[in-house]
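Structures given as structure tokens follow.
Below, chain A partners chain B and then partners chain C, in two separate complexes.
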Partner chain A sequence: MPVPQAKLDALAARIAGLDFARGGWLGAARAEALARLGAMGLPTKRDEYWRYTDPADLTAPQAPRAATFAAEDEPPVFDGIDRLRVVFVDGVFDPALSDDLTLAGIEIELLSKAGQTDIHWAREVYGLLEARGQTPVQRPLAALNTAFATEGILIRATGGAAKPVSLIYLHKSENSDVILHHCIRIESGAELTVLENGPAAARFTKVMEVDIASGGRFHHIRAQGRDHERRAATHVFARLGAESLFKSFTLTANGALTRNEVVIDLLGDDGVAHIAGAAVGDGAFHHDDTVFITHAGLRCESRQVFKKVLKNGAVGVFQGKILVKPGAQKTDGYQISQSLLLDGDSQFLAKPELEIYADDVKCSHGSTSGAIDEVALFYLRARGVPEAAAKSLLVLAFLAETIAEIEDAAIAGDIRLHLQNWLERHGR
Partner chain B sequence: MLEISNLHVKLEAEDKPILKGVGLRIAAGTVHAIMGPNGSGKSTLSYVLAGRDGYAVTHGTATLDGEDLLTMEPEERAAAGLFLAFQYPVEIPGVGNMTFLRTAVNAQRKARGEAELSAGDFLKVVREKARALKIDAEMLKRPVNVGFSGGEKKRNEILQMAMLEPKMCILDETDSGLDVDAMKLVSDGVNALRDAGRAFLVITHYQRLLDHIHPDVVHIMADGRIVKTGGPELALEVEQNGYAGILAEAQ
Partner chain C sequence: MTVLDGGLQPEMRDGVDRETIETVQAMAGKYKYGWQTDIEMEFAPKGLNEDIVRLISDKNGEPAWLLEWRLAAYRRWVKMEEPRWAMLNYPEIDYQDQFYYAKPKSMAGKPKSLDEVDPKLLATYAKLGIPLKEQMLLAGVEGTEEPRRVAVDAVFDSVSVGTTFKAELAKAGVIFCAISEAVREHPELVQRYLGSVVPQSDNFFATLNSTVFTDGSFVYIPAGVRCPMELSTYFRINAENTGQFERTLIVAEKGSYVSYLEGCTAPRRDTHQLHAAVVEIVILDDAEVKYSTVQNWYPGDENGVGGIYNFVTKRADCRGARAKVMWTQVETGSAITWKYPSCILRGDDSQGAFYSIAIANNAQQADTGTKMVHLGRNTKSRIVSKGISAGRAQNTYRGLVSMHPKATNSRNYTQCDSLLIGQGCGAHTVPYIEVKNNSSRVEHEATTSKVDDDQLFYCRSRGMDEEQAVALVVNGFVKDVLQTLPMEFAMEAQALVAISLEGSVG
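And then the complex of A and B:
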């Protein structure tokens, strides 16, 4: 089917001002991505995959202006965690604010440097996982990212990383339009935790490709927010080898528009992938979690836990699919998406899907949308807990299942504290 | 301590009158019992006093030590010293029993201008009181009332009461669902709290509980009113003859 002209025109307008860096292996990967992108054009809200989220602000030639926001009333998330800091200011690596890029157990470099090296492990990852993730559903914003990313971090874990690598995104310019692309390779038996936080830009387009060899373990904890006007389209593409583990948790607080896509490929046998998201929105907030999990290996386990707390007209979207390929026997797939609507103005749209081509599998999905439990609220108040605090307690209880997916107790505690603070600020 | 005068209450949603002129005076240091047929309005009275939504007070007053209860938020009534042990304790998935107890104790202390209990002090007190009620540590870790048996839920209500040390305790059928030994534990828990500064209103269907918690005054409620008030012998009469005679007499 030919690509509609409007989509191609939109693409031409979007990339007109972007630099396309040629040369080397990275140039070749970019060129392939550009060809993929040309065959798709940019998404519109008429596309089935964008039915609940209008991509206009994500595809517009210019990023909509977004006021910068510094949360002075609380320390940034992960502040108390011992970690290797890698700071990007409006998408530009800032060596002064960052730690030295050396850490026992990993190799770490900037994309802008590695692209000039002839032989590099990232050649086997950059754009490849994204390209695999283009079928059966097209993800043009991810291809655009691969073609035009200006910077990113490349991490290869060869053993147990001595501490988490923390990617910190600062937003200083009201018009910044940032495209970052990270590649992560977890070698056999290695283990790494990556943290992400910060507002990043007025518009943030990000891809993270994660290639996990057999027995590798990868943990990802991300906090998006609390900047109110941010737009973000993020993609995580992960490929899991045998007996490997992938765990990703995202906290999203505020943000005008966020689309988080996660594409997981359980390729080897006995792999485990858990993806969790807690989103809290008050007012102008549109948050979309779109997940696609492919079970190809035997006896793999996948778990999706997404919860949203919405008020004052906030909108939450969940599109989650589990695809079980022929032969992927003993698959264990679980998916839950729930929303807590704190008033009648807010909205939750969910599209859970299962597509199964193997007979010996266990898959379940559920989606619910409800209000706060008035009986429980009264019980708490009757014991002396003030209304706002009682509501916070119930909201935290609702979100607890997502936070339980974070293995590190200190990191989980930090996330819980930030959620609590958010709820306190938005309680009245 | 608790004074209720000519209290009329209807259901907000259905415009249906439930309480039709309830009057009660409960002095500090005393134990009152309310008995009465199913549906006579006993739980409604306890909910209205605790401040639950959905009821409209159309007439009458209720005060705790002279303070108007009916204009207070539920949490303010609790901080003022009112406690209701629920007929049907509520399950709260995701909120640990311990967190719940500590949040409640500290919220009330804060409302009264007292310092919060340290985590260590709190733990010590909870463990001790839980042991007396034979509530094991495992139950304290679980979410509030989730997966608790009927009797465990009731014991958990008494644990909350023991922790919060309220001055006016209302127990709504705390005895139902309790085995003989648990009945003894719960009664001991209540009796341990009895003192000159505290009062109890015990709603029950059975004399059994009153064998352990000796009431000073017994009331019979029927169709939204207190139709008879007497001493402990009134409960025995109900136990032996049912309500028919009392109700006929009240007509």
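And then the complex of A and C:
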């Protein structure tokens, strides 16, 4: 089917002001992404995949202005964790704020530097996983990212990384429009934890490609910054080899618009992928988790756990899909999406899908939406817990299943604390 | 074959019984309604244009407003595109290569009573097990002291052959007749409600139906009346290359109750045939409608040759407070099924339920489910869907649960389970959940699994062969839905479940 002219026009307007860097292996990958993008155009809210989230602010030629907030409002997450800090200020790597980019067990480089070399491991990752993730559903913003990313981090884990790599995104300019693209390669038997936090920019378009070889283990914990007006479209594309593990947790606290897409390809046998998300939104908050998990290998396990707490007109979206390919026998797929609506104005919109072409599988999904359980609240009140504290407790209990997906106890504790602080500030 | 035992009407029972036994014995021919009646037909010319629309309207002796209504729909339809979002894969349909009107010649002069109806037509329905004589009863009920009576409207290709028990129903004030007759006899009711639940513009297939619909049933239950018997419409496609486009309209006035059954079959043919029906139900305060379907159109052969393309729009509008509707469907036939019986829960405290068994075997494809649109306060809905895929079939549940901001204190519970039998088939679930208030609770769960090995082993170790064992396990899987069917239908459906899955094992 031909691409509607409006989508192409929107694309032309969006990329008019962007620099297209040519040359080298990176230039070639970018050119291919640009060709993919040209065959799709930009998404509109009429697209089925954008049914519940209007992409207009993500596709507009200019990033909508977003006020920055005073950092002292909130202690940054992960501060107490021993980690290698990599800091981007409005998308620009800041060496002064960052640690020395050397760490036992990993190689770490900036995309802008590696792109100029002749041969690089990232050639086998950059744009390739994103391209694989374009079928059966188109993700034009990811292709746009591959074509126009200005910076990114390339991490290759060859053994057990000595400590987590922490990507910190600071937001200083009210008009910043940032495109970052990270590539991560976990070699056979290696293990790495990547932390991400910070609002990044007025508008943030991010892709992270994660290629995990047999037996590799990757942990991803992300806290999306709480600037009220920021907008973000993020993508994680992961390809899993045999007996590998991928675990991702995201906490989103506010932000005008967030679309987090996670695309997982369980290619080898016996792979494990867990994706969890906790979102707390107050007021002008639109949060969209879109997940697509493909089971191609035998005996793989996937788990999606997404919970949203919404108030004052906040909107939570969940689109999750498990695709079990023919022959992917003994698949174990689980998916739960739940929302807790704290008042009558908020909305929860969900499309949890299963598409299954193998018979010896166990797949299930569940989705619920409702208010705080009055009986549980009464129980706590009757035992002398003040109403606000009781609600807070129930909200934390509701979100606990997502935090339980974080393996590292210290990081999980930090996330829990961050969440408690949010509940304090937002008067529950 | 317990369904067919009992001695109420030996002559008919005998015929059906023999048929069924033969079918079950001949493992290859699984579809027992695949024969056709050799009868002289009158066709409108092939294709669809304004003249055909006028001709259909003229044949039915319709008033000018209805012709205008049809033409408006036609003019809209030619500009519409066929929807392709369903998980269905079928070649493009040539809408000009179909007959839109086919009527047995013997029906030219409208028979005054069933006694005047062509015996060939009556024999057709007898062979199908459908009683068209009022002393006859629907097959399958044994030992009941006072046998249940069912009024039947029989539709053969484009026309209604006859409706039973009309006089007795009229005594209760119930109107049950062919819709073409209702247009003549009760124009004010038809004009008031036709298109009020499924508007002409609703979707491609509903618009097509609005253009060319021929017969179908009209039911009107006056206020406070509990319909004295179950009503049933039996649809039979017989003629080749002929589409069936029936339209059913049910109006349940305040405080009334009716249980309505629908069955359908078609001959075995190598070409695909089109069926695009619309069912509209209007339910006022405190009224209740139960609508049960056993859809057994010809599904095509093992290789996907032939079969009915079934595109159906069914919707119930619970307009009044405390109105209730229950859809139960057993979908075993058709090459392609595209069908989403829906509930608009407009009245406060209204309730909707959808119970579905969808079985797809061989090359069948089904994309079916429901919509529960909660608009009123304290509305409740329940969805129980059981999908079974075997052979190379694809079976999709597609559903919407929508809680509008004003539908406070509402409740939905959805359970959709899929069962896969064999490695070549697919089972898919595409639910949409839209919650726009916080006092409502929505719960959705779905599972997909294969026939449990332990259960199979248990049955096998007690001497069942594999096919019997699978049938038993499957019957357990669909039990929740079968229980909601009227008894005669439940037994027929249970047997049908087993027959539909024949040849799917091993």
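What we mean here is this: the second predicted complex is superposed on the first by the 424 of 428 C-alpha atoms of A that agree within 3 Å, B and C clash if a C-alpha of one lies under 4 Å from a C-alpha of the other, contacts with A are read in each partner's own complex, and residues count from 1 in each chain.
Convention: a residue touches a chain if its C-beta (ideal position, glycine included) is under 8 Å from a C-beta of that chain, and two chains touch if they have at least 3 such contacts.
Just so it is clear, the model here is predicted, and its values are computed rather than measured.
**Student:** With both complexes superposed on chain A, which partner does A:E387 reach: first (chain B), second (chain C), both or neither?
**Tutor:** The first partner, chain B, only.
**Student:** With both complexes overlaid on chain A, does A:G216 touch chain B (first), chain C (second), both or neither?
**Tutor:** A:G216: touches no partner chain.
**Student:** Examine A:G91 and indicate which partner it touches, taking first as chain B and second as chain C; both and neither are also allowed.
**Tutor:** Neither partner.
**Student:** So in the superposed three-chain picture, is A:F398 touching just chain B, just chain C, both, or none of them (first/second/both/neither)?
**Tutor:** It touches chain B, and chain C stays clear.
**Student:** Looking at the overlay, what does A:F378 touch: chain B (first), chain C (second), both, or neither?
**Tutor:** In the superposition, A:F378 contacts chain B only.
**Student:** If you count the residues of chain A that each partner touches, which comes out higher, chain B or chain C?
**Tutor:** Tallying touched residues of chain A, the top partner is C.
**Student:** Which partner chains sit in contact with A:G271 here, chain B, chain C, both or neither? Use first/second/both/neither.
**Tutor:** Neither: A:G271 stays clear of chain B and chain C.
**Student:** Please give the residue numbers of chain B that touch chain A in the complex, ascending.
**Tutor:** Touch residues, chain B against chain A: 50-53, 73-75, 77-79, 84, 86, 89-95, 99-100, 103-104, 107-108, 111, 143, 160, 164.
**Student:** Which of the residues in chain C end up touching chain A in this complex?
**Tutor:** Those residues of chain C that touch chain A are 85, 87, 403, 405, 408, 418, 420-450.
**Student:** What does chain A use to touch chain B in their complex?
**Tutor:** Its residues touching chain B are 373-376, 378-387, 389-390, 393-394, 396-398, 400-401.
**Student:** Across the complex, what residues on chain A touch chain C?
**Tutor:** The contact residues of chain A facing chain C are 48, 326-327, 339, 341-344, 346-371.
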